Amino acid sequence: MNFASDNVTGVAPEILAALAAVNAGPAAPYGDDAVTARLEARMAEVFETDELAVFPVATGTAANALALAAVAPSYGAVYCHASAHINTEECGAPEFFTGGAKLIDLPGASGKLWAEDLAAALSVAGAGSVHRVQPAAVSLTQASDFGTVYDPDELRAIAELAHAHGLAVHVDGARFANAVAGLGLAPADLTWRAGVDVLSFGATKNGALAAEAVVFFNRALADGFAFRRKRAGHLFSKMRFLSAQLEAYLADDLWLRNAAHANRMAARLADGLGRLPGVEIVYPVQANEIFARLPEPAIAGLLADGFAFYRWDETPEDGLQGGASREGGASAGLVRLVTAFDTEPAAVEALLAAAERHLGTG
Amino acid sequence: MNFASDNVTGVAPEILAALAAVNAGPAAPYGDDAVTARLEARMAEVFETDELAVFPVATGTAANALALAAVAPSYGAVYCHASAHINTEECGAPEFFTGGAKLIDLPGASGKLWAEDLAAALSVAGAGSVHRVQPAAVSLTQASDFGTVYDPDELRAIAELAHAHGLAVHVDGARFANAVAGLGLAPADLTWRAGVDVLSFGATKNGALAAEAVVFFNRALADGFAFRRKRAGHLFSKMRFLSAQLEAYLADDLWLRNAAHANRMAARLADGLGRLPGVEIVYPVQANEIFARLPEPAIAGLLADGFAFYRWDETPEDGLQGGASREGGASAGLVRLVTAFDTEPAAVEALLAAAERHLGTG
Amino acid sequence: MNFASDNVTGVAPEILAALAAVNAGPAAPYGDDAVTARLEARMAEVFETDELAVFPVATGTAANALALAAVAPSYGAVYCHASAHINTEECGAPEFFTGGAKLIDLPGASGKLWAEDLAAALSVAGAGSVHRVQPAAVSLTQASDFGTVYDPDELRAIAELAHAHGLAVHVDGARFANAVAGLGLAPADLTWRAGVDVLSFGATKNGALAAEAVVFFNRALADGFAFRRKRAGHLFSKMRFLSAQLEAYLADDLWLRNAAHANRMAARLADGLGRLPGVEIVYPVQANEIFARLPEPAIAGLLADGFAFYRWDETPEDGLQGGASREGGASAGLVRLVTAFDTEPAAVEALLAAAERHLGTG
Amino acid sequence: MNFASDNVTGVAPEILAALAAVNAGPAAPYGDDAVTARLEARMAEVFETDELAVFPVATGTAANALALAAVAPSYGAVYCHASAHINTEECGAPEFFTGGAKLIDLPGASGKLWAEDLAAALSVAGAGSVHRVQPAAVSLTQASDFGTVYDPDELRAIAELAHAHGLAVHVDGARFANAVAGLGLAPADLTWRAGVDVLSFGATKNGALAAEAVVFFNRALADGFAFRRKRAGHLFSKMRFLSAQLEAYLADDLWLRNAAHANRMAARLADGLGRLPGVEIVYPVQANEIFARLPEPAIAGLLADGFAFYRWDETPEDGLQGGASREGGASAGLVRLVTAFDTEPAAVEALLAAAERHLGTG
């Protein structure tokens, strides 16, 4: 049973069906099709604003890097948490797409960036000094890479500080649905109402085949984006199949239902593990990721049982880099468990039972 | 009835079925899955060599730009035909991915680049001169953007010249299947046996949803490619769905059957139109594209009838650029008709009948 | 005696003296010094406007590439003559600095770009089409690489067309002084009054050690330029020594006196050669470069005598590239003779006498 | 009296004289001149090896960024100290020249990077993981930005670790002369004998007008460098004037004599200040920079007296960025004093006397 990541999942049946549904007959290429037009209207409903611009792409790395290239010049600085996917997991995509902008990674409890740390970094950033990359944007991960979420007040505090310094606010929402479902708030409350300028709206981890959308809440920032997407090879000729995934994802709140299920499974898993002796739940479980410290024998036993999950201190793919390496270094016995839209309750119970057994309490 | 492009088509049923077939259960992400492993083995069979490296991506622009970035340094020159897609239709993707390499566009009858013209360009290229971008690669389009194909001798002549000057040979094979089917030769005869180093192997235009593969026949050139693909946002987490499209595309020669059908439809259309008074077929029809000169009234009539196709002299998307603009300028009355894997014989007959009527011969 | 290029010259005594003159005592680095402040004021006088922004750099390639990066986005197209230095002699610097913008090279009599050719190219450029690089700038070389000059009407025709299409107008003025001296007009008449937005103001070829200035006549375009210059490594810590060269260059019209001398030497040389049998002066001699066709024996004889000059059809450094290669190919017997601020009349007479002798008319 | 930086100085008389000395007559451009040829031979003597390649450029930022672009691919990671000039003072030049490589900044006592910290960072770097930028180089600053130096053992420990992981070793030697003079060792002992692959050999801060040299001790790494230098606008047409500065710099050990003087002045200043009550010398003074903590009144008094120097906690140009900001934040009352080749003993004594007075001990 697989708790390694939400990217090992397949495609939600509703989304697979949508691909077949839009397949009949010819359609204008490159987004000039009816499905894409419907998607934009639907996005406006979901986010309660007409002031947006929507650009479907196929991967989260593309969404993030293209979004950052739209808000940061080649001589810009992008502030993010040390554990941010853009900083540790995208092989330098933001640097490539921006033409060499610099990510300034900051520490922050629970994988979240805090206004105080951003303020401190900006105070020594040298804005205006020709020797320094110029503060251009802040990128937040919602839900964060440690499974925590930003509430509207936390977002607003960062956004106000950012805007006061002329920075744009980007949100990497690869797990945005899990954050929205977890907080039970309107998407608008976690985006433009809180000061977010551009969102990487994720769908792949939550049931799509390969679909994300870059959503601008400040259309002026979208200037030239269509050209950047094309020259990056991310404009699909048969766009209807990207848009159809996102349309189905938003239909009947599938995105929120899928995310809520994943969150429930994570909560149940965290609750059960937390009751076991010698187990520590490291971060608040606010979405679909659990970081837990377990005794080595229990970890070994669970892996031997065939449960799939990452040891946080072993796997580079999910480890941390540079300034954050100290954390990685200290995380012996730390594991990450990820639930998804298709995680079965029985799998959760099975893992809990096995853990109980390995901890000698069964 | 739509003859505008082969990218207005949907997905071939076999390929759509393959997506559903690989959906069950979890799979390792980023290409470490069984489907991708099978695809590589199948590609080796198709191309009759184990000396290849295969990298699935979702778009032709990504395939071309990533392939060129693998063979041309930032200070390199890439030689191509003035009408090449990489030169006119990709919004500068090759320049972006290579870090600013220069495309040197050359003229050439029937949309094909000829060894003589390449030799002439290389003779004034200033290889070794620090003031000049350095000849690094030649890129051919097979089938060409004018619906013509290169035979093995033509490819070999260019490849030998290129290799003698230290250039790598890239083939943009967005319509490679149509070329293979048109020539009735082995894929190997049109690639590594003729000196091709890297191929953008297209599937999207010929029945896939969104799938191409960069195929290196010289593995040394693939060094670092995996990192470039990732940082360009073109590594899919749910890779099995890219690989499954390509696997189904190659199964039971679907790719060649689809292409052969498109080619037959094009041949029939060209043959029928060519018999009509006042109609000129401009280039040999060797794949699935027809370029024809028709009297203005006939063009207007066909469009009024609802037949969809591009006027070559009207639409920037398909026009030419820079050095090739003279051609575009002279192409009054020129239209492009494209057939595809799903073009129905009845549609071809209907267009011919309508053309006959508009030309007053019906 | 050396007629190979004006870049084989040394430094004018007035400029060498200026370096020593500003050497005493410390000075604020990076341009915050008194000399640089004076230079900006002097530039405003020379160009009769306060609406400029001046950025000294050390090389012409840096000036051109930084200026183009300021006016063309990474997805932009820059129109220039096929023989333009930026297109043939800078190893792709504009592509590097812009992040992959595309140079669209156009033909044009006498090395000059004409409004008609630019209009034709723009008509098929596909402005607004996501598939195309977007027209962003036109770059003119004044004096041109063939020693000809643009008069204000020619500049204005191009600038009006460019601005009507949203393009910025850049002038590569590596030999701007020779053009101003040749036309006997005010610098303003050949720049902002004619619609030029940004000028690469050259000094190196005309007596400086290594000094050029990027001069913006539209300050909005200079936004961010200071950061681009710094990150390109072109901001000098001891800036006073760059500024001092330019200050001395402009003092007492040294720049125009030097250029006028070079032009006179070229006129005398062209006049003398033109009178000799079998000699053809290929382009109007309007600055300090002469392109002449001579019988092979005369060329061989002059080289044997020790006169240094380039055979236009032999040397890659000065040959043409890509679309312009046909011209290069046809230039058998074509030579380029360049005069400079320090060319001695005796050298000119010596070459004329030798040529006369080799042509058997002596 | 100016202790702000060694870049506020003018040009050493020997170097100014050299510019005049090489001015007579024409010279082949772009480095094909006699002066440049002599420089290469002289460099081989100074570094006791013929296995080098020397490329003069005009600025330290250009030298560093070009050197790093030669050893790090666009998907590479470059490890450096958080306070490294390449990380904090070059406006992202390394990111620009490499096409988006990532600097991984590490902490380290006294501004030096230590093998232990590099080893820890490499252990979580994810070498081979497609999601991570790939470790490509380590860059050390010698003398460091805090005025400390690496001895051969420290260099060797880092170089052996780096090479074992396939990283190249770069040294930013903007103050290399001060390190060599301070340690009293052979240049070879601090470069290739200790495992250094490429050095940014500085001259500007130590008496040149604007001259540095990129020196490769591993010629294979210099492949393509000449093209990168040209397309970056850093190849001077009148190269003899760059080479002449470096030739004079190396003649009669001028570089070491100038550096030794600056170091002596720094030692005297540190010694004097260190004896005063309430003054703390923060880092070992091993070159020509002093970092000292002084009571606020003393700092204010010295500035009021007209002594020029930077408050480390006030000036962005010299502050720290990102991960290092904590240090900057804590440095209230910290000042940096820099001596140079032309610092007069009287100026040092004057500052000491004034400090004594302001500290109420005079």
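For this structure, a couple of remarks:
For clarity, chains are labelled A, B, C and D in written order, and residue numbers in each chain start from 1.
Operating definition for what follows: a residue touches a chain if its C-beta (ideal position, glycine included) is under 8 Å from a C-beta of that chain, and two chains touch if they have at least 3 such contacts.
Here the structure is a predicted model, which means the values were calculated and not measured.
Under the contact definition stated at the top, the chains bordering both subunit B and subunit C are A, D. Distances between chain centres, each the mean of the C-alpha atoms, put D farthest from subunit B. Matched by residue number, over half of the contacts between the chains of B-C recur in the interface of A-D, chosen from B-D, A-D or C-D.
Subunit D has its Cα centroid 40 Å from the Cα centroid of subunit A.
With each centre defined as the average position of its C-alpha atoms, the distance from subunit A to subunit C rounds to 51 Å. Each chain gets a centre from the mean of its Cα atoms; for subunit A and subunit B, those two points are 35 Å apart. For subunit C, residues that reach two or more other chains under the stated contact definition are 74-75, 90-92, 96, 99-100, 130-131, 133, 227, 230-231, 235. Those residues of subunit A lying in contact with subunit C across their complex are 30, 73-75, 99-100, 130-131, 133-134, 224, 226-231, 235. On the subunit C side of its complex with subunit B, the touching residues are 74-75, 88-92, 95-96, 98-106, 120-121, 123-133, 316-317, 319-323, 325, 328-329.
Listing the residues of subunit D that touch subunit C in their complex gives 2, 4-5, 7-11, 16, 19-20, 22-29, 57-63, 65-66, 90-93, 96-97, 204-205, 209-210, 227, 230-238, 241-242, 308.
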